[in-house]
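Okay, so chain A shows up in both of these, paired with chain B first and chain C after.
On to the complex of A and B.
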């Protein structure tokens, strides 16, 4: 797939206005932009206002315990330029707070709520961070790398030996489940 | 004459009450609920309540090998599973630098369009049922079943095909599959006028769908609406054309739009899309008859397959809108992180809440079905 013609250079001009922002063109209409946390709202605002990146496709969160950081990735698409900018920003895991971009992109409301629920990141200014999926869950945010699902199951539930009658019949004839 | 003991409850002139719509309700799509605050039958506020179908796919995917996740991804969207397979496979291909053989690309496009037709027929059926037109539902589901037979013949499964794998597809088409698909397409075309007479020319459909759940183009763009719902508001946006993948640049098709942005416009866009998908399928069948070759590129041992570190964001146009997969690899045998963006995450939550406000109680089901909201996509 071809790279959108002339986009990286015009994007460069805009990005020069914001401190701490670095751009890396990638294959297939994709551009990676690394930003500092302070510059991200201004970056999204400029991309939307001046370059037409008005569709917030998604906000992804990645947990990096080694560096003690959350990586937030804002994927914005421009209907005019037919390009996708993925803006990466790293925030400290503790306290795990970041500013909401709901005022710039309305869809951020859902993604921020989802990330808050699954990773525990607090988005200051987000309109609704109430639980949505895990309403009856009071454990730690489950998408954190530190949350071990097997450990949770072992701690919460008792293992039961599964030996139904039909299986005993088969085992009596020398068959069974291969473990 | 009223009986002497007739003593009805005296309501205040205006009173509000709350109604829990779903998760177990014939008018709701999937396992989902909406808490509505009503004044009479006018909706003052709607709060969506999901999570009934949460299976933790994103967490599960981090614990399975790259190749094992093929079995998980189609389950993210029940009525339209193929775009999920395609988006995941393409993310792995982008990370692993795999080149999909040409024949496999055409086969994948065929599967995607068949899935789109199935999903739209399902939606017509569901939508008709919400306004009491059960004959349409039976016809739509019957027609969809003929496509499911083809899916079963090609992949061995009717719904969750697990057919598109990183690097191509699982196996080549069985002999005669294209002929049988052509027969099904002809049958679809034969039945379409009758279906349209019964559905789109029905006074009930027009009365219940026109002017209902209107989304203006401005709002659609601001709220993150995608796919047929965005096109029904007048925006000719389609991932297949704007951010092309597979062989779509070589295929001729139109992107149908409407301008009204109401439930009827959303249905009409889907109706036109079925016609376009048939047009695409005919071109794909013609090409597949000419193209020979492998259907999958050589893969390393899938049980010891380390994908190079990096990240990829892939987008696919599903019957409901834009599907996005963000995959991160740390160079290991399992994904470090996979984030799934389903179109219904917008349509079934923020958009639905906004559109329902000011609508009427009897239109909830119609609006939800016309938005083609898919709760499993929201919950993941």
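On to the complex of A and C.
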């Protein structure tokens, strides 16, 4: 199958219809597409409608404190072409709002809810942005780079000291640490 | 059970069952020892497979190591189990379920922390969502160090626990009644001030004669006002649900 190696040429044609989209072939069946935030819904719509990229595998999010941006990556898979397109967009951390793609890919609702919980990104039009996994959590979104995990852990939890008595007990029975 | 049941506090309300004056007579103590001996030989384990430790249990249970040789057998429900095996790390969310399962178990009940995660968080020591010390939230009879402990270590700790039950020394479950206020305080610090379980532990402590000075306190006082608090929350919860439905396109 020719499309498993390199890019399908039709994809190139379609992507030229959308402004601000740059395509980079990666190894094997992976294609990276960099998009502007405005073009992303149109890109996903075209990929789904004309190219058969029906399956939204995941939406991932990266917090970039240096540039003060969130990078959102939409991974869409085509069962026919057996290739994966990863569409990257960067949005400003403040206010951290982006449009929901729930109307194009229904499973996006779960991913957006997850990213909203872990990074605080607000997806406008997403059906449900309530708490998802982190019940009993009232702190800041924990996946932000600005969240000091170790400080939180030290403030919240207590530590037990390892006491050597138990080791002496084990050594008394003939066991111990293998060196 | 050859230890004396701790004295009931002076200010404790009247117990549901009047303690029998002859309860700890010599005959009773002999019977307790016989019961302990039998109990140690038929442990039913509820393995709460929260983490990776679960993979060490199939070889422990099945023919390679066969823990039924020593009288330890798996059980499917907490109400029928004697031993709760916490196999691995606990997130804040799963710890709630562990506490609910633990409170459903019949006394005497035993808890084993399986793997380093239950001692100090193990390899998740700096995770915001992973509980570090299991023994702050429920009483633990013993820990198995290791990541992961091998089935030999699991069997060894079963044998140690059996010896301690036989000797009447595995009484950590009484701490939950005697020191319930402290355990509840640790739980509420993690789950929020409205944390409560369906089990009335204080009433159980009174009923079974394990009521001590640490059973009630500032944290258990909050439970008494809980019903009132919950009723007041109902009007707040209802409009919130309606508001979410409006967002849906």
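What we mean here is this: the second predicted complex is superposed on the first by the 147 of 179 C-alpha atoms of A that agree within 3 Å, B and C clash if a C-alpha of one lies under 4 Å from a C-alpha of the other, contacts with A are read in each partner's own complex, and residues count from 1 in each chain.
Operating definition for what follows: a contact is a pair of C-beta atoms (placed from the backbone, for glycine too) under 8 Å apart; a residue touches a chain by one contact, two chains touch by 3 or more.
Values in this document were obtained by computation on a predicted structure and should not be read as measured data.
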| item | value |
| --- | --- |
| First (chain B), second (chain C), both or neither touched by A:149 | both |
| First, second, both or neither for A:57, with chain B first and chain C second | first |
| Partner chain in contact with A:84 - chain B first, chain C second, else both or neither | first |
| Partner chain(s) touched by A:25 [first = chain B, second = chain C, both, neither] | neither |
| Winner by number of chain A residues touched, once chain B and chain C are compared | B |
| A:159 touches, of chain B and chain C: first, second, both or neither? | second |
| Which superposed partner A:135 touches (first chain B, second chain C, both, neither) | both |
| Touched partner set for A:73, first chain B, second chain C, both or neither | first |
| Footprint overlap on chain A, comparing chain B with chain C | 133-135, 142, 149 |
| Contact footprint of chain A on chain C as seen in their complex | 92-93, 96, 119-121, 125-129, 131-133, 135-136, 145, 190-192, 244, 247-249 |
| Chain B residues within the chain A interface of the complex | 49-51, 54, 56, 58-59, 63, 94, 221-224, 226, 235, 237, 242-245, 311, 313, 315, 322, 324, 326, 328, 336-337, 339, 341, 345-346, 349-350, 379 |
| Complex interface listing, chain A residues touching chain C | 102-103, 125-130, 133-137, 139, 142, 147, 149-150, 152-153, 156-160, 162, 166 |
| Chain A - residues contacting chain B, complex | 1, 27-30, 54-58, 60-63, 73, 75, 77, 79, 82, 84, 86, 105-107, 109-111, 114, 118, 132-135, 142-143, 149 |
